[in-house]
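Inspection log for the structure reproduced underneath, given as structure tokens.
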Amino acid sequence: ACGNEGVSQQDNVNDQNGANSEKKIELTYAFFAPANTFPAVQMEKWAEELEARTNGRVKVNTFPGGSLLTAENMYQGVANGIADIGLSSTTYEPGRFPLLAIADMPSGYPNATVASKVLHQLVSEYPPEAFNNFKIITTFATEPSFIQSQLPISNLNELKGKQLRIAGAATPIMEKLGAAPVGMSQAEVPEALQTGIVNGFVSSREVLQDLKLAEMVSYITDYPLTINTFVAVMNQDVWNSLPKDVQQVIDELNAEMATFTGEYLDNHVKNSIKWSQQEHGVEVITLTESEKETWDKILREMQEDYVNSLEAQGLPGKEFQEKLYELISQFN
Amino acid sequence: MDPNLLALLGIAVLFLLFFLRMPISFAMFMVGFFGFMIHSTPKSAFNILSSDIWGQFSSYTLSVIPLFILMGELIYRSGITEKLFDAAYKWLGHYKGGMASTTILASSGFASICGSNTATAATMGTMALPELKKYKYDEALSTGSVATGGTLGIIIPPSTVLIVIALQTQLSVKDLFIASILPAVILTLLLLLTITFLCYRNPELGPPGPNHSLKEKIISLKGVIPVFLLFAFVIGGLYLGWFTPTESGAFGAFGALVLTLLMNKMTWDKFILAVSHTIRSSVMVILLIVGAIVFGRFLTVTRLPFAVADFVNSLPVPPVVILIAIIFIYIIGGAIMDALGFLILSIPIFYPTIIMLGYDPIWFAIILCIVTSMGAITPPVGVNAFIVQGITPNIPITTVYKGTSYFLVAYSVLITFLILFPQIILFIL
Amino acid sequence: MSNANSVEILKKSIVNEGKAPIVGKVPNIHVKKTLFDQFVVKLSQTFACISGSSLVAMMLLIVFNAIKRTVSTPFVGTTEIVGWLAAITFSFGLAYTQLHRGHVDIDLLVKKLPQRFEKALKILFLSISISFFTMVVWQLIQFGLTLMNNNNLSQTLRIIFYPFVFITSIGFMAFVFVLVNQFIAEFRRRV
């Protein structure tokens, strides 16, 4: 076989003898979205840092764009050794990460940096059972999603029955708020907006510029909704085969990458909003204090219900939720 | 074993299996699987297999393929296409190759509602091939016209390939769609020119029919009306926002069913015949797609494409040589693996280089789209050619490739044109 | 028209339409039809009925959803259900397609080889294919079990979807039966 496992195992043997092996270690790192998306930027940054901090001893081959593993098969693929490391969103696998789903629900995250730091902390304190046989490399999160629409939405009445493109996790939440979620692939959104199949979408706001959607919507409702959590994991055997000093570098990068990614995305979103306002006159709508409270109440109730259902299953939902809010106010 | 060497060996074995008559899709599956197994571990190869089969079989995006095929089948079994081609024959049949030209024009019409080359080839193949046979057109020219006409599916907007490129490069989908219109028109004309040239040189390929009186011509138009109504419904529905391009397959099939029922041209037997043939074509297409993806994953993990890219990017030659080298790699890539898979894999590798060299991103995106669509008709892995062969099992694949090879000249002329005169693409923006 | 009725007709007509090509297309079977032959044909046709019904259901669901969207609000699970129906359409059509030898191959070289060599190649490839796709069945079951054990739910409807993976594996199972049948036929064929 010409996989990298053989190489790394040999390294391990040398390392156990106390000798610092000069042998090159190659790691493969897969991600499902294209190279220009922020998680992929993070992946490249991580690869670069790891190579630099090990003086080029570790080489990371990155596979963005789902060329090696797709979102649906990322974690399973790493378990089976298709890639050594895989980056995916736990939000995409409902049911498998019951506790993390609490944090994905609207909880008042101000931005991606805070969300990333909070999730990083939560994942280290409550490592998901599904990752028992993995080494967690890093955790970060998107900025919250916002309603971005063609007509202004400043209260629940205006939201009622609006057909919005919504992906996965936000669907039940938007239904609860009275919107009519429409499921379609991201690729279809521009045309669907143009022909009026949807009146807007719920997403983080970098798409306004990245996918040029600012051309087709006019308003952002300034109310933070769900986030997507991303976790990068390494195959446990590969991790065990790595020399101690390399493991150390990887561990030290864990928290750094969460902060790096959050800040990178926040900066990117800021530019995207500025561009949308200047080039396409997109307006930001602020909810009145009482309206905001109404939304908060509905969504908080939803989260409580979910937490209670977890408690009933014997999972520490309450404790996790308390920690979540504690961390949000701590990092804010 | 060196991964790059393994990849090359894999390609060699794939070709060997092709020529020993293993079904194309099976061969791609197996070489991809065993290649992955040798490169990594059996466990990882097993996982690739099951997750890719499930992922593609249950893909919403691919579900349009059987629906578009069903639309074509329903129209064909009801006898409407016969009327359509009868009309075309009366108007254009006395020109040499007139019916093959009709096929190209019909394909471009269909391509303007459908974003997929495979769906376009399958639909047009179902409708046009039996008719071309009836008018005694050469097998190579007939199958070649249909397979090549199908590639218009992704050059004429809407186009799945342009959407993929836009998402990867952050270019505007709208800009790409607009920019592709003129090249698409030129390509269509070049394809028509190719047919005319071939048939003037050798009238046997597309024998001219008798002249018809104006009266006969006008009466024949009656048969065109139903198809025209269906196309108007599908295109109109898209622009009025009744349905999305993905949904248009379902509406096309549903519309065809309603229309043929209203015209009293649909019986249960015909319906069943249409459905069972749809199943056969769809299964053939989906297995080809998954096979190509599994094989593509094997090539990806060996990093052969990346090695080739690094080599090209490091060449100490003028920009235009690198550009041509990259286009050449896309042609080869499209020849040996699924062109769309190769595109997704390679854009992050080559796109930055092209921008660095100072070429216009939109211009390059359109060139890429054209080269990629050409990959669907180049041997040995030409998805459109396979589909056409699947529809007409008694015509050998080599005949289909002979047919598509006529049109590769037109493609080359277009690509050369676009490199020499980038304004063709860019003036409109 | 009731659904049961339409399936019945679909079945009948496929049998009628299928008869001639099936006999005509499997080359040189001098041996009389065995029970296994009949079973395989029956199985493929029944599965083709399910495949076709699933295709029609897919079409109707998409149309229904788009109309519902214009009149009131869309049915949010449409894309997911269409995907699952597509999986049934494709997998349950596998056996029927193989029965009709619907897969593309290149016969350029083999045509020129002696008959005996061709037979040997066919037997070899069919046996490889049987082993390979049996493995696919097994792996799909494993994949479904993994999804089941991971408690994976679908993204939008939040329901379990592993049963559809098992259903897909059943489609591949029927496909393997057809391959075995063709292997036996090829083995018995005199050249």
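Chains here go by letter, A, B and C, matching the order in which they are written, and residues are numbered from 1 within each.
As a working rule, contacts are C-beta pairs under 8 Å (C-beta built on N, C-alpha and C of every residue); 3 or more make two chains touch, one makes a residue touch a chain.
Since the model is a prediction, treat every value here as computed from it, not as a measurement.
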Result of counting contacting C-beta pairs for A-B and A-C, higher pair: A-B
Chain nearest the overall Cα centroid: B
Computed distance of Cα centres, chain C from chain B, in Å: 24
Centre-of-Cα separation between chain B and chain A, whole angstrom: 36
Of all residues in chain A, the ones touching two or more other chains: 76, 184-185, 197
Overlap residues in chain C, where contacts from two or more other chains coincide: 79-80
Where chain B touches two or more other chains, by residue: 46-47, 51, 60, 243
Complex contacts: residues of chain B adjacent to chain A: 1-3, 6, 38-41, 43-44, 46-48, 51, 55, 60-61, 158, 160, 163-164, 167-170, 172-174, 238-241, 243-246, 296-297, 300-301, 303, 306, 341, 344-345, 347-348
For the chain C and chain A complex, residues of the former touching the latter: 69, 73-74, 76-80, 146, 150-156, 158
Chain C - residues contacting chain B, complex: 9-10, 13-14, 16-18, 48, 51-52, 55-56, 58-60, 62-63, 66, 70, 79-80, 82-87, 89-91, 93-94, 96-97, 100-110, 121-122, 125, 128-129, 132, 135-136, 139-140, 142-143, 164-165, 168
Chain A residues within the chain B interface of the complex: 1-3, 5, 28, 34-36, 61, 63-68, 70, 72-73, 76-77, 80-82, 184-188, 190-192, 195-197, 210-212, 215
Chain C partner contacts - residues on chain B that touch it in the complex: 18-26, 29-30, 33, 46-47, 49-51, 53-54, 57-60, 62-63, 66-67, 70, 242-243, 247, 250-251, 253-254, 268-269, 272-273, 275-276, 278-284, 286-288, 380, 386, 389-390, 393, 396-398
